[in-house]
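After this come two complexes, each holding subunit A, first together with subunit B and then together with subunit C.
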Partner chain A sequence: PSHSYTGQGGQQSEDYESEEQLQHRILTAALEFVPEHGWTAEAIAEGAKTLGLSVAAAGMFHSDGSELILHFVSECNSKLSELLQKEQKLVQLGEAEKKPIDEFLRDAVEARLRMLIPYIEKWPQALSILLLPRNIPSSLNLLTSMIDDIWHYAGDQSTDFSWYTRRAVLTGIYNTTELVMMQDSSPGFEDTWRFLENRVADAMAMSSTASQVQSTGEAVVQGLMGAAVTVSKAETSRAVR
Partner chain B sequence: MAAARLCRCRCRALLSRPAGAVRARRGLAAGPEMHFGFQTVTEEERREKIYQVFENVAKKYDVMNDSMTLGIHRVWKDILVHKMNPCPGTLLLDVAGGTGDIAFRFINYVRSVRQRQLQRKLKHHQNLSWQQIFESYQKDEFNSLGDSQVVVCDINREMLKVGKQKAEHLGYSEGLSWVLGNAEELPFDDDKFDVYTIAFGIRNVTRIDLALQEAYRVLKPGGRFLCLEFSHVSNPLLSRLYDLYSFQVIPVLGEVIAGDWRSYQYLVESIRQFPPQEELKAMIEDAGFFKVDYENLNFGIVAIHSGFKL
Partner chain C sequence: VPGGGAPLRPCSTRGAQRGIHKPVIDRIIRVDHAGEFGANRIYAGQMAVLGRSGVGPVIQQMWNQEKEHLKKFNELMVAYRVRPTVLLPFWNVAGFVLGAGSALLGKKGAMACTVAVEESISEHYNNQIRTLIEEDPEKYKELLQVIKQFRDEEQEHHDIGLEHDAEATPAYSVLKTAIQLGCKAAIFLSERI
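Moving on, here comes the complex of A and B:
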């Protein structure tokens, strides 16, 4: 399967898929074995078996299962994008209300984290594998593009430094909520969602505090300038007399 | 005129005999010219000579391997099996596997993976009743190899004999079978095996393309082809040291330890005649394998080629 013809009459199309597409199919099939085997080559081997391939096909991937995790993360991100796009369409068509920013962010992060629930037992293992130096570039890439997506659909069109601060803040919120979720045993993960709500509220408060600080700072500077001018004028007038 | 026509007929008759027939007339170049080390021989002669080489060295094969490579061949074979990373239930065909080195390592690996699997299963089964535990033992769920099997195939009876003796001596009996067969014409059905390995054997095969095609045939879809073989060193300094060692030391070791200088001269020469990494990769791709890749060990002294039947 090295040609990538598409639609060569249903029956033939399986022979003509590319290697990447075949690997994609194997990884998707392997996901259902993750709760049992973890993010390992064994799960990939079981996935290959369901597709009618030999278990040796798992040798195509790295033996620590990192490709499986990256595949899963990228699939979740695509699902989130689709979800946000659908919501945006509804708002544009006028069938839904535009959410305020904090609610939007909260819902987006919650939707994304809920996708982890079927694999939550083995997710800590996945996080540790994603932190291996070899995997950091790809996992960081996936994380930043997801955060970017969320802000884009939230309507962020900033072109100044706040672009960076917004993404940094949301990345922090997402990561900390993910970690809280790992050790959350409350029913329906309500502790996690409450934590998320508080963090988003904090972030909103912080941005308004920041603008308050800025205007206060400006006021203080103006006051000092005025005082300096008054003092220097008083000096010159005394000198003149 | 008539004589010339007669001569031509005779030539055609000779050439059309089946490949198995011995070509008696050495004067007539009755087969394609091939290399045997640095000599030039016909295809049939090469097969015979190689058979004799391994018949002679069979008993001292393992000892010579250790002394020639200073024991490093064990590490190379370990790396091959680690790269394979077999899970329990894998069916392995080890071609030219003679004395069984790869087969034994495979069994050890699968056994330890299986033990870990069983431990994990038992942890989950802490709350079973005695009845349930008894039943699971009945079902033979706890077999130590998890249905993995290895078939060792070799063309040389002597090598297989030595291998069987070693297996008995080391206590390997389960999941192991020994078959006499030619890599160019394997006595197995299509789509049977999960992994096909050939360690330090493909160099001795006369028609490498046929062996690769047979490998493709007997592998299941998704199956993996792994080849461990001496290859070409690109680093010039290392290459000179390696040549020095190969041509000066190894035949001498062969004479001293095994009493057979010629066989080891052949060995060293055949390494030089074998295609380099990229060429072998192209040949494997020609046979129909995908994701073909190679990994150099020790700067190219040895290389592991891997391909998948997709």
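Moving on, here comes the complex of A and C:
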């Protein structure tokens, strides 16, 4: 099916570009100017200038920089996916060891958060914009698919309710670590990575406790059933006598 | 794409990687998984009450087939990266209660429940087969094959139920209608949440 902006015969010329692709290029170029101008129309205008476009191109976007931030998040998520996919291939080819789950989750979250480092000064501003009601559907969508991606490459194959609990727990870990990172002034963000390690360890302990509680509960129930059967048998044999 | 509109959406690119219409497949697999899970629990409930009766082996055999169905959908769910319905814990309990409850009405009651549920499921699978064929029978060949096979097996269960005097249950049509309404609601909800 040919779209409205292709030529006759549905052929696309070599330097044809869709509006979405153009916006993508402008926003990518704009990222370079974020540390200086923040997530603003100025950054977008500067980005457009480097592409040889008029600064009026910034008018294509909202003035609060929402699309720039969402674009950045989306790009980071894609980079993370590629990274995890590459690692998975190495493991499949036998060229790398399969990581234990806690290490995998820690490394994935750390890799993703490290992408914020060049923009960390302006990131708190971005977080508040992502929480605007208008942006919540998109930002939530991006967050949930990123968390789902991490679990997928971690080898999660759950098809029961734990599918939800795992993702909820990891989302909590990611969000709290991100907030800690905003306040962290230690060299190389070592306080943040230590916080992350502790939270992941907590989550692992919690899940093993949960399964212990379940097996204990099952054992208790079986014990009670056995006791009930014994007592009822004793009653019937006494009644017969 | 509207100007200043939505950014790149990862979900649509993931579907594009496999060339499938992800939202449609998502729903289909999620609701079918929920259905087979529920059917398993229904037969478990029936066995808990009627397991040692004469009709026990028949129910057990149908239950075994449902277990195979659930196993297949677990695999498909992981392969297509579909999320399960949030309502699984609820279907866990509701299915068991329905199975046990219908079995407490006697062997005929259990069979009536089986007839009602299997009829709903067969109709539901037929709708899905139609949807997939309308979309692209070639692209969804494997999924279509699975659903067609399962539909045939559910139809068999339905017929077995009838053979075992399901229709002789007191208040059969009331029971059947109530159960089928419940199934429709379960299908509607599991597709969406």
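A few comments on the model shown:
In this section, the second predicted complex is superposed on the first by the 207 of 241 C-alpha atoms of A that agree within 3 Å, B and C clash if a C-alpha of one lies under 4 Å from a C-alpha of the other, contacts with A are read in each partner's own complex, and residues count from 1 in each chain.
Everything below uses one rule, namely that a contact is a pair of C-beta atoms (placed from the backbone, for glycine too) under 8 Å apart; a residue touches a chain by one contact, two chains touch by 3 or more.
What you see is a predicted model, and the numbers here were worked out from it, not measured in a lab.
Applying the stated contact rule after C-alpha superposition, one finds that A:M204 touches neither subunit B nor subunit C. In the superposition on chain A, A:L143 makes contact with neither subunit B nor subunit C. Touch counts on subunit A: comparing subunit C and subunit B, the chain ahead is C. In the superposed pair of complexes, A:L179 makes contact with neither subunit B nor subunit C.
Residue contacts after overlaying the shared chain place A:I101 against neither subunit B nor subunit C.
Of the two partner chains, subunit B is the only one that A:E42 touches; subunit C does not reach it. When the shared chain is aligned, no partner comes close enough to touch A:L116: not subunit B, not subunit C.
Look at A:M60: by the touch rule set out above, it reaches both subunit B and subunit C. When the two complexes are overlaid on their common chain A, residue A:Q157 makes contact with subunit C while staying clear of subunit B.
When the two structures are aligned on the shared chain, A:L22 is found in touch with subunit B, with no touch to subunit C. Residues 19, 60 of subunit A are contacted both by subunit B in one complex and by subunit C in the other. Residues of subunit A touching subunit B in their complex: 1-2, 19, 22, 41-42, 45, 48, 51-60, 63. By the touch rule above, subunit A contacts subunit C in their complex via residues 18-20, 23-24, 60-62, 67, 70-71, 74, 77-78, 81, 138, 141-142, 145-146, 148-149, 152, 157, 159-161, 163-164.
Subunit B meets subunit A in the complex at residues 83-87, 89-90, 194-195, 219-224, 290-291, 306, 308, 310. Those residues of subunit C that touch subunit A in the shared complex are 1, 3-4, 6-11, 14, 33, 73-74, 77-78, 81, 83-84, 86, 88-89.
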